[in-house]
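Two complexes, one shared chain (subunit A), two partners (subunit B, subunit C).
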Partner chain A sequence: MSTTTSAPARTGRQAVRKSPHDAKRGRVQQRWLPWAFLAPTIAGMGIFTLLPIVASIALAFFRWDIISAPTFVGFDNFAEVVQDPTVRVSFLNTIVFVVVAVALQLGLALGLAIMVQEKLPAWLRVFFRSAFFFPLILSAASVSIFMRYLFNEQFGVVNWLLSIVGIPAVPWLTTPGGSAAVVILVYVWQNFGFSFLLFIGGLASIPVETYEAASIDGATGWRKHWYVTLPLLSPTTLVASVMAIINALQVFDQPYVLTRGGPGDSTRTAVMVIFESAFQRLEFGQASAIGVILTLIIMGITALQFRLSKRFVFYQ
Partner chain B sequence: MTTIQERVTTTAPVVTRKKRDWSVAARVIVLLIASVFVLGPVLWTLSTSLRPPSESFQLPPAFLPLNPDLTSYEQVFKQLNIVALVINSALVTGLIAVGQMITAALAGYAFAHLRFRGRGALFSIVLATMMVPAQVTIVPVFMLIRGVGLSDTLLALIIPAIPTAFGTFLMRQYFLGLPGELAEAAAIDGASPWRTFRSVYAPLAMPGLAIVGILAFNFHWNEFFRPLIMTISEQNFTLPLGLVSLQGNLGTGSISVVLAGVVLSMIPALVVFMFGQRALQDGLTAGAGK
Partner chain C sequence: MSGTNGALREFTRRSALTALGAGIVGLTAASWPRLTGTDIPGRGDNSLSIAIMGTAADAAARQKVIDAFAKVHPEIKVKVQAIQAVDWKDFFTKILTMVAAGTPPDVVYVATEGAQLFAEKLAHPLDEYLRRDADHMKEYFADVHPSLVEAFMYKGSLFQLPIDWNAANMYYNTTALRQAGLDRPADDWTHTDFRATLAAMKKANPKDFTPYYWTNRLFGGVVPWLYANDTSFLKETKSGGGEWLWDGFYPNDPSRGLRSGGYQWLEPNADDPRVFESFDYLRGLVKDGLGVRPEEGGGSSLIGLFASNRIGTTPAGGYWVQGLHEAGMTEDGFDVQFFPKWRSQRHQFGTAGYAIMKTAKDKDAAWEWVKFSSSLEAMRIVFPTPNTTPARRSMVNEQLYAGTGPRHWKVFYDTLDRFPTTGPIPAPPQQAAVETALMKNVSLAVSGDERQLKDALNSMQRDLELALRRQP
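Let's look at the complex of A and B:
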């Protein structure tokens, strides 16, 4: 697949020009035509993404509740937001959530991908791939709804399963630790399939000869994966971890439906406080300030990952 | 564009020695346990929704719906205006999908086969917008929608979702895979550039467009955050929002009714899963290799 400018298109235009009738029309059309093709997308993105980014940054310096006129407050919103205990706790929650959920998601996805990819009958491989992919097509809201019942303290299937192995009922949704665990488990349950698919693609691109060479050198079992699979998979791991982290930093649906952020603030996330301060307390300036901070964090982490990756990612 | 399928099928078995058959069995067992954990909750949901509401909390749980009872489904239709919710969701999702397919095809074609000044820079800007989290733009977009008088309408959900950076990227890649000689041939036959796009390239790009449509459908059918913000009155709710409010109304009384609603909402996603699984997988991971 080539990403270079396409020579054939140019030849196409020359051909149009060569035709004497079309010479003028062809050239005139050529000039505005690309813009006609692009107009809907460019206009839409300008209005619904680029303009809002600028507006959001500007809004972060104002106090505005929609009803009265906005007043310029400088960095006050940022100062208030940084000192607000709820905001602090939710950012901390988000970080803990990202670390644990992403580690689980990637570990599970990598382990299962290696197992699926090695010497399995094709139909089993297809079955497992579809099974692990399946939760991705469901809505996070529906998933959270049925998971809430599965994690019910008295009637839930999870505690029933635990009781079989002799573990007493866990108060999943009524304690801070339990709620945080449920949010993470439900999120990972739904999303590990995405990293799994990326790893499957990455594993498939490792040449068989590499393993043959490693076997000849006497590498077996886990050593083979440690010295061959993991290094050769590092570019995929980078992409998978960047995407998993960016997505996890924006988690909202699961904690909102499962716990509404509680008990206390134990499962309140960064995006939840943006939502609450804008659409429940009508503090649009503060919401924008939190949004700007979250975006800066996302950009910073992504940049850091790519920088670190220069040291750890091994390209063939 | 190399699809995952092509890459997967070209992989030869990694373990070459024969004596390790027990390890294959062990792996299959681990994978089976994993798939039970993945599919179990969904089966439980289906099975519980098919039981009388009074037996919702039965333990040990039944994973096979042996004596289906449709009372819960009747209740869903009584307690929730599910027809309206489905119509809203279908309208929103359908119009977004069609809108994305059209705009992404046009823009993708321009970026792949038309030449104009600033093409590279503009494409980079389009790609960069993919990295902006929705939460940063949601407040100004909400105000804009409110400003033009569209708040609490379905259009507030549809219009902002139509311009798609990811779809544009996918379609550009797809069009780059189609030879430019086609345009040349069409031009020699006297076709205008627009005609060349409409009659030559767009039909050939149908598989790519299907991916854009399926991805849009899957994402927006399941979307919760934007509908939660943009719609206020229940008549404008989409399915996920309706289900969450149904759950709120019922508490934990008769969960099979809520679960029946959940199952109903999954049906279109299931249909897409069965027919578009390959397309979905390719589309989701297409951005990863860029």
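Let's look at the complex of A and C:
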């Protein structure tokens, strides 16, 4: 038995003995290099996200019209906002909008996702995935301008089509009910594609064996979806609903372009009031106060969703 | 061999990283003017920057005026910055954003809607310059109606010189009128005559024809009806002062006694019974299918609809003529008449002109631009077609409307002469909030029953109180 005393053959870079200087450089690189790569993102987040958030919170305690110097007013802005009936109505509108629009958005997205995933051949699936996602990449303002023409009471295509089947002209955008319906319709049409794609992904991740087992146990049709699809899709549903609710709480483009919040305050939303306070009334402090309240509401609802999710989300 | 490959790989990666770094640095350097915004016209040099509402094409169209100005003032460099906006409110918002960003323009083209906002917070009064160049400016004021000038007075000082303007007159489709068996309405037609005209038009025209089309906005919406009924949704008063201007430039004007230091709108007036009466009249038109429920927006689709004979009447200013002409309407296809009379025949108008910003780098140079822009030479360059009404009376002539119509183009300037109390758009410094308060309640007010109308006016009164709660 012989032992080898010679050092093992040195190969490649491992074989190069590091000098103390190289070792130190390596440690420095190891410590700082990740931060160097992260720095642009951190700087961007700091400048464009965190700083405005902090500035906005601070601004909520000042009266400022852009031109004059800000004046500290304590909680006056919050008090005025709470007493302002327009703000109250706009928050109520937003809540109603979120409930209806998110329910429609998720319901439509889930229904279509199941239909597309199950019933259609592969090439048609690809087509519908693209078709349903397409509205999302369009500018909400452009879509809303286009929709305003479609829903014009006198000259719009929608009323022209209705007139063919004998239905009299509907004042879509000039009555409270009509305008709210159009805003929700346009919003849901434009946004359900995102939830649809999430559900498609979720459905694809459900193992076929689970359905086969369910079939062996006698589950067919909607029972299969009720007892297999929905529970296994619950994590996706949670993500889709959280994102849909956060987005819907911030709705602005569609009501602003379609109805300017009218008639009356019927389609005025919380973000519209923030915009009007800041850029039309030049009350940036009040706008910030409304923004802070809206942020707290969004955070509260999201936290509630995650808390309740423990009861209905099923993780495999 | 492997060692060689490793070294080569290390060398290549370093080279690539170096090249990438150099590329980033190079790109950053090349795009530095864009990143720092110094490529924005007028920024980073001593040019006089002029902000107008419009597109890049509009800015280019001003080049002829800039060229003419350069001949007179070669020492002043001018750059026009066109800012695209949906309406004046949107434009002012963008200017305010520039102010907040510390990059305000030197001169801004401002319409009546923003005149008091600018006068109160942003603009420099023209008084000292007008006094200094009084001899030169006399020709301008002799050619411009004092009502337009008064609209730019604020607390006794003048902040802008009117360049163009428009009154809310009533356009009518001559084909629709002829089909109804009617002649041109009389100059002093009343609101009841107007309603009868609409009813006759409706009867004689197809089902999809709209006798009266109007949009929900501050100009040409409900306000002309309020003015005709000798009221408004804001209490209108006038401030003192301004004698220096009226005595200096309009001493012999027949309406001298009416002139003031500027309009004031300090309190809401939506609870005035005449406001209710005016809204109720419009509600009646909507209810009987003679007029549409007013739409939000600027009525951009309106010209095409009017030109295709689907609309009978609509309130608009001289700015509509060129649009109708371009939409294919012949000069006999449409005409214009004064707004119908009610308790008065006071009209509503809006005007626009350049305001010098308080922050302007060189106010004297800015004044030279304002003065030149108000000259006949500059205004002839800017207004070759009737796409607005020039503020100078001498320019509103046969030649301007030749080939486009309308036949009674004299109505445009006669509005000011015949009705000297004709007033500007009610636009206090809080105009944006006031406009929102008006617009948001108009549709509700005219679209339901009497109860809904009362509720909408109560809501408007409350909203206006909020809008006006902080007086400057």
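General remarks:
Everything that follows uses one rule, which is that the second predicted complex is superposed on the first by the 270 of 316 C-alpha atoms of A that agree within 3 Å, B and C clash if a C-alpha of one lies under 4 Å from a C-alpha of the other, contacts with A are read in each partner's own complex, and residues count from 1 in each chain.
Basically, a contact is a pair of C-beta atoms (placed from the backbone, for glycine too) under 8 Å apart; a residue touches a chain by one contact, two chains touch by 3 or more.
Because the structure is a prediction, the values reported are computed rather than measured.
Legend: residue contacts after superposition of the two complexes on their common chain; A:F279 is shown touching both subunit B and subunit C.
Of the two partner chains, both subunit B and subunit C are touched by A:N152. In the superposition on chain A, contact of A:F128 is made with subunit B only, not with subunit C.
A simple residue count on subunit A separates subunit B from subunit C, and the partner touching more is B. By the touch criterion defined above, A:S215 reaches subunit B but does not reach subunit C.
In the superposed model, A:A240 lies in contact with subunit B only, and not with subunit C.
Once chain A of one complex is fitted onto chain A of the other, the partner contacts of A:T71 are absent, as it touches neither subunit B nor subunit C.
Once the two complexes are overlaid on the shared chain, A:S288 sits against subunit B while remaining clear of subunit C. In the superposition on chain A, the residues of subunit A touched by subunit B in one structure and by subunit C in the other are 11-13, 15, 66, 148-149, 152, 155, 279. The touching residues of subunit A, counted against subunit C in their complex, run 11-13, 15, 65-68, 84-86, 148-149, 152-155, 171, 173-176, 259-265, 268, 276, 279-282.
Every residue of subunit A that touches subunit B in the complex is listed here, in rising order: 1-3, 5-13, 15-16, 19, 22, 29-31, 33-35, 37-38, 40-45, 47-53, 55-56, 59, 66, 112, 115-120, 124-125, 127-128, 130-142, 145-150, 152, 155, 157, 160, 189, 193-194, 197-198, 200-201, 203-205, 208, 211-212, 215, 236, 239-240, 243, 246, 249-250, 252-253, 256-257, 271, 274-275, 278-279, 284, 287-288, 291-292, 294-295, 298-299, 302. Only residues 1-2, 4, 7-8, 10-17, 24, 27-28, 30-31, 34-35, 37-39, 41-42, 44-45, 48, 57, 59-61, 102-104, 106-107, 109-116, 119, 122, 125-126, 129, 131-144, 146, 159-160, 162-165, 168, 173, 176-177, 179-184, 186-188, 190, 192-194, 196-197, 218, 221-225, 228-229, 239-241, 243-244, 247, 252, 255, 258-259, 262, 265-266, 269-270, 272-273, 277, 280-281, 284-285, 288-289 of subunit B touch subunit A when the two sit together in their complex.
Those residues of subunit C whose C-beta lies close enough to touch subunit A in the complex are 2-3, 6, 89, 93, 96-97, 99-100, 121-122, 208, 210, 213, 216, 292-297, 301, 305, 310, 430, 432-433, 436, 439-444, 447, 456, 459, 462-463, 466-467.
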